[in-house]
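Below, each structure is written out as structure tokens.
Here come two complexes built around chain A, the first alongside chain B, the second alongside chain C.
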Partner chain A sequence: MSSAASRDGLLTGALRRVGAVAVFFVAVLAQCVPALARPRLIVHQVYNAGARSLIIIMLCGLFVGMVLGLQGFDLLQRFGSEDALGVAAALGLLKELGPVVTALLFAGRAGTALTSEIGLMRATDQLTAMQMMAVDPMQRIVAPRFIGGVIAMPLLVAIFNLVGLFGAQLVGVQMMDVDAGAFWSQMQGAVQLNDVQEGFIKSVVFGTACSLIAVHEGYHTEPTAAGVGLATTRTVVTSSVLTLLLDYILTAAFL
Partner chain B sequence: MVVDVKGVHYAVGRREIFAGLDVVARRGRVTAIMGPSGTGKTTLLRLITGQTAPTSGEVLLWGQRVATLRQRDLYALRRRTGMLFQNGALLTDLDVFENVAFPVREHTDLTEPLIRELVLTKLHAVGLRGAARMMPSELSGGMARRVALARAVVLDPELLIYDEPFVGLDPISMGVIVRLIRQMNRVLGITSIVVSHDVHELAAIADDSYLLSQGRCVASGSPEELHRSESEVVRQFLDGVADGPVPFHFPAPDYRDQLLGVDRRAQRGRAA
Partner chain C sequence: MRPNRALEIGTGLFVLLGFAALFFLTTQLPGSGVQVGGASGYAVTARFDNVGDLKTGSPVTLAGVRIGRVTGISFDPADFKAVVTLDIEKRYDKIPDDSDASIQTAGLLGGKYVGIGPGGSETYLHAGSTIEFTQSAIVLETLVNKFFANFASRGSAGAPEAKEEKQP
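Let's look at the complex of A and B:
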């Protein structure tokens, strides 16, 4: 009886949270139009969310590409088709690993920064002060950060993919002696525009989801030190789970 | 009448903060709201500025019911209002100059030289023109409060609300803030509401005073009238006495029983 009640409570709580995020999403979208009239604020947020995540994205992209090169070579040489390493690495990165790993890193780096920044503004009355100055924080703080995150994600994914391909090439061509001409020409021949589009759409969806979760958690932070910590943790957990769930849905939709 | 709080009831959960509160702030006067900690002084400011709505009763700001206004109309009223927060609430990613310039940039199309002149004038008035390029993290509490005051008055509001402006200030900073509040009121004719429990500082600047206790206004009048009052509550508050109508201790079980663990044993007994 009590476990059924607690299950109902969990379900109700989860539904309420999803509803709250959906209502918040609509409110953010409504503020995006006026926020777009101030491109300087958005460029600043693209820099914050994007440029400041570059090092971690490039570093991880390189290692993911190198691992892909090693594993791909090991698998493909069993079938004597190691020349297809370029295709395997490109498709793996463009369609799957690029958007997903970038989104997970984005949630951990830029998402937590967004949540803690907005949460601390809440805790130190800065958002209330803005409202008292007749400035809507949704328009001035939340919307530019949300748009900045949505724009930054595809750019980061593109850089992740480029560096990842370089890593795969480094291992495959330079270390494992795969033919460079075959590596690049097979990739050029096999990768279609659809594959690039799939990766791009995924990156935009993940960017929207991760940025929305980050600004939502920050804006609704309990105004205490513990509250900011909890909101930051929730951002990482929710964004990561949501990214993987959306990835499955989108992959199924594209097949 | 700039602010008119009429028969306001307000509760947070089951805890009643106000039970029929009446407060008035008249044009061009300094109104002091005093009371012990936890009496809801800051909550009253939140009600006046429309950050929260009363359970019943009404709060009028320039004759308009703030609780029922649409955001656009509420923001129009807030543009005529300046508020000094207890902690300053400066925007931490902007320097002092940009903090003061923030409302100007948001609400006007003034040119950069004009904004610069306006901001430097306000910073000079609070004695911090030289700190224009410092970040909020580099400021002391008193300096942050003065920057926040410059920001609150940069658009020449008709109503200025101060939330505990004297807390944690050294005597020099406190004297400066007291003088500034008085000057703003006398020179610019700004209506001011000051929430504080610093009786002596308020006596120097207030035209009207309200003493809140246990959800109601228990005394009102000029500071002199309050000082002459024979009311027990007023005397306890002004003289800083622990025993009186306002309890110093939060409701608790008997001290001796609690120390000896009698209450815990009784609880265990009830549970068994």
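Let's look at the complex of A and C:
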């Protein structure tokens, strides 16, 4: 595929890649329903993509929340409104930082693992062998990994947000002496269910995008050692850019 | 596929944790779910004409020092007044019972809080007592309306030409 793509110009090549991803997306979606017949495969992938990313997600969430607490405090203090720190941290985490940072980490942690795993299967002809045995690799390999990623992502975002809030609370209330009651009550007064929903929808969209890119790059890897490396790199780059692009579009749509 | 006990337990834990986090975010953040620091002192009530956007959990201060928090805001249908329950810490038990309570705003963007101004009485507030003297929240819109109403009436009185124009 990549040798064919090199014949195209820059614009045609980009267009072709977008088209290939879109076609692949439809093909994966078509295989998602039959893949549900093997829930154990999906559970395995939820574990790989979600449970194994848990530590890094929680660690990053804590630090993002703490930084938010510090920066928010510094900014709000200038207006004498430290009490609004809870609102600032909660909205920042729920609507932007939670979904986006989790998606970037997810692309780096779970996306690369998916790509290199499937890519190595491609390079060692395992996918072809499956087809020889009349097992559809799209249904057996790709779809469960895709579904696993889509399920894991919103859960990871929720955990990230929770830990982030705890971090912001830690800095704001424990270190900077913002009143705990004001911190929580203002947050509860200002955060709407819409804001939580917006973050949730974003996380589902980012999860779909990142998982799709990861399995697509893996499935269409050039079957060489260098090809697997290249595909892994492209997963991270494409997922990150796509996440930030979609984030802008979604934010504009919600406002 | 061979069942793998550890893997399934790990996945189960992860999913459970994720849903617990999601549950917390959707139910506890919007609205008054979490109560920070349960009632620890004695409860005093104060009746206000208007509490503005005072919320449960807002601080109660005396001379700028936090001495407790608001634990309940309700409404008395008999006289249309807001009944605010203040939970004041036990160690501050020498607050005169003729003190006044006013609803104030912290900073430009800050939330409302209840400020207590100490009185001179020899008897002190205790659990169940009511603060008699209260001052409601200042609602900015009302102030602005009053200002403009004043401004308009003074403006028309001071400009007879405008009055004449209006008459036909």
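In this section, the second predicted complex is superposed on the first by the 247 of 255 C-alpha atoms of A that agree within 3 Å, B and C clash if a C-alpha of one lies under 4 Å from a C-alpha of the other, contacts with A are read in each partner's own complex, and residues count from 1 in each chain.
The rule is short, and it goes like this: a residue touches a chain if its C-beta (ideal position, glycine included) is under 8 Å from a C-beta of that chain, and two chains touch if they have at least 3 such contacts.
None of these values were measured; they are calculated from a predicted model.
In the superposition on chain A, A:Q126 makes contact with chain B only, not with chain C. By the touch criterion defined above, A:L94 reaches chain C but does not reach chain B. Set side by side, chain B and chain C differ in how many residues of chain A they touch, and the one touching more is C.
Using the contact criterion defined above for the overlaid structures, shared-chain residue A:V135 touches chain B, although it does not reach chain C. Here chain B touches chain A in the complex through residues 49, 51, 71, 75-76, 78-79, 81, 83, 85-87, 89-92, 102-103, 106-107, 151, going by the rule given at the top. Here chain A touches chain B in the complex through residues 120-121, 124-126, 128-136, 140, going by the rule given at the top.
On the chain A side of its complex with chain C, the touching residues are 38, 40-41, 43-44, 46-47, 50-51, 54, 76, 79-84, 90, 94, 152, 154-156, 158-159, 161-162, 179-189, 191-193, 195-196, 199-200. Chain C contributes residues 1, 3-4, 7-8, 10-11, 13-15, 17-19, 21-22, 24-26, 28-34, 36-37, 53, 55-59, 66, 69-70, 106-111, 113 to its touches with chain A in the complex.
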